[in-house]
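Below are two complexes that have chain A in common, paired first with chain B and then with chain C.
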Partner chain A sequence: MNILKRALPYLGAAVVAFLVAGIFIALMGYDPIKAYATIFGTSFKTPYGFIQTILKWIPLTLQALAFTIPFATGKYNIGGEGQMIAGAIGATAAGILLADLPIYFLLPLEILAGIIAGALWGLVPAYLLFQFKINEILTTVLFNFIAFNLIDYVATGPWSDPTAGHPTTIAVGEGGFLPNILTSQPLNAGVLIALAVAVGVYIYTNRTVSGYELVATGANPKASRAHGINTRVQFLLALVLGAAVAGLSGAIEVAGTHHRLIEGLQSNFLLLGLIIGLIAAGNNMAVPFVAFFIAILEVGARAMQRTMQIPVEMVFIVEALLLIFILLSNVVRRRKA
Partner chain B sequence: MSGIEETIISFLKLTMLSMVPFVLASLGTMLGGRTGVYNVAQEGMMLVGASVGFLVGYLTENLFLGMLFAMLTGALFGLLLAYFTTTLKMDQFVVGLALFFAGIGISTLLPKKVIGITLTPPMIPTLQDIPVPLLSKIPFIGEIFFNQNALVYTSILVSIALWYFLFKTNLGLQLRSVGENPKAADSLGVNVVRMRYITTILGGVLIGLAGAYLPMVYTGTFTDGMVKGRGWLAIALTFFGGFSPLPILFGSMFFAGIEVLAYKVQIGGTGIPYQFLLMLPYVMTLIIMIFTYSRARVPAFLGQNYDREKRTL
Partner chain C sequence: MGNQHVIEMKGINKQFGSITALKNVDFFLPTGEICGLLGGNGAGKTTLMNILYGLYRQDAGQVYMDGKLINIQSPKDSLAHGIGMVHQHFLQIVNYSVIENIVLGADVKHPFTSNLAPEKQKINELCTRFGLELDPEATIGSLPVGTRQKVEILKALFRGIKVLILDEPTTSLTPQEVDSLFQSLKVMVKEGLSIVFITHKLREVLSVCNSISVLREGRNVISLDRKSAAEEELVKAMVGEKLDVKKSIIFSKGKYQTVNPKYRDAPIFNTSNLSYINSDKVKVLKDISIDLYMNEVLGIAGVAGNGQHELVEVIMNIQQPTSGHIRFSGEEFTGKPTRLIWENGLVYIPEDRLDDGFLPKASVAHNLILGFHNTSAYSRKGFLNWKSVFSKSRQMIEEYNIKTAGPDEMGSNLSGGNIQRVMIARVFSQNSRMLVAHNPTRGLDIPSTDFVYQKILEKKKEGMSTLLITEDLDELMLICDRIAILYKGEIVGVLAKKEFEKYRIGRLMSGFRDVDSKTKREG
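Moving on, here comes the complex of A and B:
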């Protein structure tokens, strides 16, 4: 009952958001009912659609956590995309340079390289905040743009695969492929890693002392300082931790999905991660569920583009509306209280 | 004219031309910031400005109308930002990010819907240079400063006008007081809410126009994500400029100079992979931030929402 009561404003906000978006879709000259049927149906009509949704869920969950971990301390990591690219580059480098290693060496090294590369990419803005108090929103964003150029360089540089027709590197060694966990469908073990990370982050932030210090820093920095928490260190730690998770998402894209570095593999994951994190209001328990919902929308939107010629960007407006109305429902609740 | 002189003139002329989106977007950010509204939706707002400006310009074959609609769209975004933050008192960053998403979605959706997918990109004519009579004939400076498109002149004039308004008029002083201490401003009879609405909407107008400049001067068409971080750089610039119009103007010249330099070196071919040159504006921004950020003067109430019923700020 309690959960239902708490979920009700969210559901109401979602309904209103879909209504408004539906009017928008109708105004653009499409059939909103058919559009929504496609958006929500695709993930559940076929096993393939469902697996696609799960595959989308992996990076979405990790990107959202990359945002919510620092968000718990009141800091904004808007650099998940750059950190994902750094992670993907790190994993690819390990996967190509050590291509001959057997799977039980190569795969962990590849994933680890991705995590470290992502963490390092996030360390610079985190250090600039720690040392010089430079606003992290700006610096994390600027590192995205640096990463876009870096991935272009790597994908067209010495490791590039000229036969691909798009900036792409050669494949990583076969020992660097994440194994499939189903025989009939292409579902890789990345889903287990993402699940473990999601559970781990929840336990860390909600059930451990160190995680509690993180959350306390965000809830009331002044009180936390008074109680001996070094809030600046907490900011640094949270930002680097978030970046490491974003780096992991890049490594999984390489090891699980593409088996190589492809320019543009980060496409839109940052924004979707932010939307998920903000809809979940930073609640790490809610993140995987919201991520699953957004994954349904994303997979459905691609199908909608194929079958109804509705541009896939439409779903972006739906998501932005969803976020705004959920935020509004918080305002309404605050007014009533 | 010697070759070196020509190179310098061409470099400086391009720099003046490239500073415009930075100047306009940063001034727009500054205006809202001066009353405490910290806008982070610039990138999305500029994209929508670019998209709408291009589309209206393309459909009506009138660039001026394109700019006008880009400004109106920017104003609408500014209004939404003001309403959500100042009236509903929602978190400024979160609202800004939501508007940023909406801007990206709308900017890519509109051209696909209105024009559809074509083999060759639809083009609009780019803005013409308008030589200022007499002044454009001055050697060296004439070509750089007085033979430019209308928005180059506009951005300089707006910077000077805003400086005068903010620092030399009583209304400007009132406006600044809202961003420093809204409670005190309120007690002196300044309408805090109205002030925040006006600055955020006018800021949106400038940011929308900054976006429209890109297809109208650089490319002649709209491409997805064409703002390429200039909206975010504008925030950085506003901080360097200490939320003051003239430092923002000169800071924009400097930023534009780096952008042009990266472009020129890339064309010249030096063996440095071009991707590293393209990183230059972002890397330089980070480096400058380290040296200037702690000294930058920021409105005391920036990023916070004012609630007149609260006893403390």
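Moving on, here comes the complex of A and C:
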């Protein structure tokens, strides 16, 4: 009852968003019903479609959490893709340098290197905020640009694979591949890691003292300080935690999907992560579900482009409309209250 | 009726969301009189007068002036009808002079030059006529609160008003300033003005008003003439049946059961030469040395803004002192992290609940354990024990009469009075040894205020010591064992209970040290 009541405005916003987007699709001369059937059908018609959706879900969930964890304290991490790149580079470095190690050493080391590299990438902006009160939005965004150049350098540098035709490194050692968990489909164990992280974040914010302090800091930093919470440390911690999760998403892309560093592997996961985090209104428990929904849209959009020649950007429009209508419904509810 | 009443408000209704602020309220202001509008916090006094002044619109009801129906849409309309209001919080520009503040927004004779000579003359005339002494050229920021209030009254008089509304005008005044305000009010009435005096203090109404109207929970209770007003009747009208007047602390006139502080033992808490220089390089605390004993309630009196806020923040180590020491139960507490201060049993009710006392975006349970969340009562090995948090929360909600749907309701749904109750419940929930309470009864109605006093005194009996910081002299004189007076960041005197005398404290509050003040201890 309570959950339904809370979900209702979101469902309403989704319906309106699809209606409006449907009008655009119709105006462009396509059949909106067929388009939506493709979008929503692709993920469930074939096992392959479903697996593709899950594979999309992994980085989307992690990127969204990289945003929502600091967001709980009222801080904005817009550096998810830079941290993801740093994580991917860290994982690749471990995977190439230690390529001969067996899987039970190499894989954990590789993932850990990704997490640490992401965390370090987030630590610099976090420390600048902690020590000098420099706005974290600015610094996290700027660190994305540094990461773009860094990945260019690494992918074209000493480890580069000259045969690839695109800035790419050589593959990591085979012990650094995330194993598949299904025999019939290419679903790697990254999904288990992402699930564990989502559950872990939920437990952390809802069950632990440190998570309580995180929530309290976000609810009112001044009151938290007056009651003995070191809010500056909370800001730092939350930003670094978020960055670590983003770094993990980069490591999973390397270890699970590409098995090497590819320039551009960050895709548009940052933006989608922000959208997911905002639609979930910062609620960590809602993030995996919203991420799954967006993953369906993303996978469906590619299929729609292939079969109906509707530009894939149409899905961006749907996602943007979704966000706008959900934010609007929040405003309407607040007015009523 | 005719012109017997300058203002008649009839059948006024006002609803804020689901809360009924005023229900069918009538109010009559007799011409040329001071009418006291009496009631506890949340009774609807200010709302009613804000409607008369045009800040709110009534949902139903009419306003008549001199027998004629008038339609007030905004303060502009009410000023045009000659109705002015002085709010509790002054609307003044601190770096402008008195005269500039007064003429701001009014028509001036020379609008294109800053020649304010004619206005200055008018203001001087008004000052002499109404016995309001002040220098029109002084900068607002340099004036004490009492004088700034005179400026606010002059602002209204300058606009030629006939009806003046004063909202809790005595809140930040010393007793001397209150007397001088009352003098001026009497002169104004003689000159033909009619005045509405909003207050929750019975004594003030009895000393200055000609007629009295009492509101409670948004409804009329009684309206009567000063001559026929009996104090007991008014008390009953204000508080209703909810409070047992005989058992209350507020109406006990100080005659309640209590214990004496342990002055023979070493103080449980003391500060020595505590100083604090703020970020603007202003020394806001100067060598503060206070002792607090077991079972003692020590009051800090003073007009707001004399360093009270900084003093409590330095004690709780939210701001670090520039020099000096704080000791608590024999241990050095200077520079101790706030978290450890709480966990060692020194707890704090912040002055401004919305600013630094409450988490609106977290649940009631989150709020009730704030500050103690890391203690064994609520957590183990870094994990919160929500089961004990919830059972303790339910217990507190019950005991402190917090109106909420339950421990998991969002804090933002609570009303101001209930938020204050959450903060009160929080500090009393653990067996703390010392409480720093800054305006603990702000915004509470009379029964709730009385409840807070009872709790403080009950805990005092159990051995707790309290540092009570408030502007409310009545509150301090009622429940404190000693009162220290803070003026411009300095303790200018400490009085023991038998030395409590309103005017003496008032003199100290304005910075006149009295020569025979000794920090004598009782017992």
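Miscellaneous remarks
Following the convention adopted for this analysis, the second predicted complex is superposed on the first by the 337 of 337 C-alpha atoms of A that agree within 3 Å, B and C clash if a C-alpha of one lies under 4 Å from a C-alpha of the other, contacts with A are read in each partner's own complex, and residues count from 1 in each chain.
Keep this in mind: a contact is a pair of C-beta atoms (placed from the backbone, for glycine too) under 8 Å apart; a residue touches a chain by one contact, two chains touch by 3 or more.
Keep in mind that this is a model prediction, so the values were computed, not measured.
Three-chain overlay on chain A, with chain B and chain C fitting side by side and no clash.
When the shared chain is aligned, no partner comes close enough to touch A:Phe67: not chain B, not chain C. Contacts of A:Ala219 after superposition: chain C is touched, whereas chain B is not reached. Of the two partner chains placed by the overlay, neither chain B nor chain C lies in contact with A:Trp121.
Legend: residue contacts after superposition of the two complexes on their common chain; A:Val209 is shown touching chain C, with no touch to chain B. Once the two complexes are overlaid on the shared chain, A:Phe130 sits clear of chain B and of chain C alike. Of the two partner chains, chain B is the only one that A:Thr139 touches; chain C does not reach it. Looking at the superposed arrangement, the partner reaching more residues of chain A, out of chain B and chain C, is B. Across the overlaid pair of complexes, the angle with its corner at the CA centre of chain A and arms to chain B and chain C is 70°, in steps of 10.
When both complexes are overlaid on chain A, the residue A:Tyr10 reaches neither chain B nor chain C. When the two structures are aligned on the shared chain, A:Leu323 is found in touch with chain B, with no touch to chain C. Shortest separation of chain B and chain C in the overlay equals 7 Å (C-alpha atoms, whole Å).
With the contact threshold set out at the top, not one residue of chain A is in contact with chain B in one structure and with chain C in the other. Contact residues on chain A toward chain B in their complex (touch as defined above): 28, 76, 78, 128, 132-135, 137-139, 141-146, 149-150, 152-153, 157, 271, 274-275, 278, 311, 313-314, 316-317, 319-321, 323-324, 327-328, 330-331. Across the complex, chain A is touched by residues 40, 84, 88-91, 93-95, 97-99, 101-102, 104-106, 108-109, 112-113, 228-229, 232-233, 235-236, 239, 273, 275-276, 278-279, 282-283, 285-286, 289-290, 293-294 of chain B. Contacts from chain C toward chain A in the complex involve residues 17, 313, 316, 318, 337-343, 348, 350, 355-362, 366, 370-371, 373-374, 379, 382-384, 386, 411. Chain contact summary for the complex, chain A toward chain C: residues 207-210, 212-213, 215-216, 218-220, 222-230, 337.
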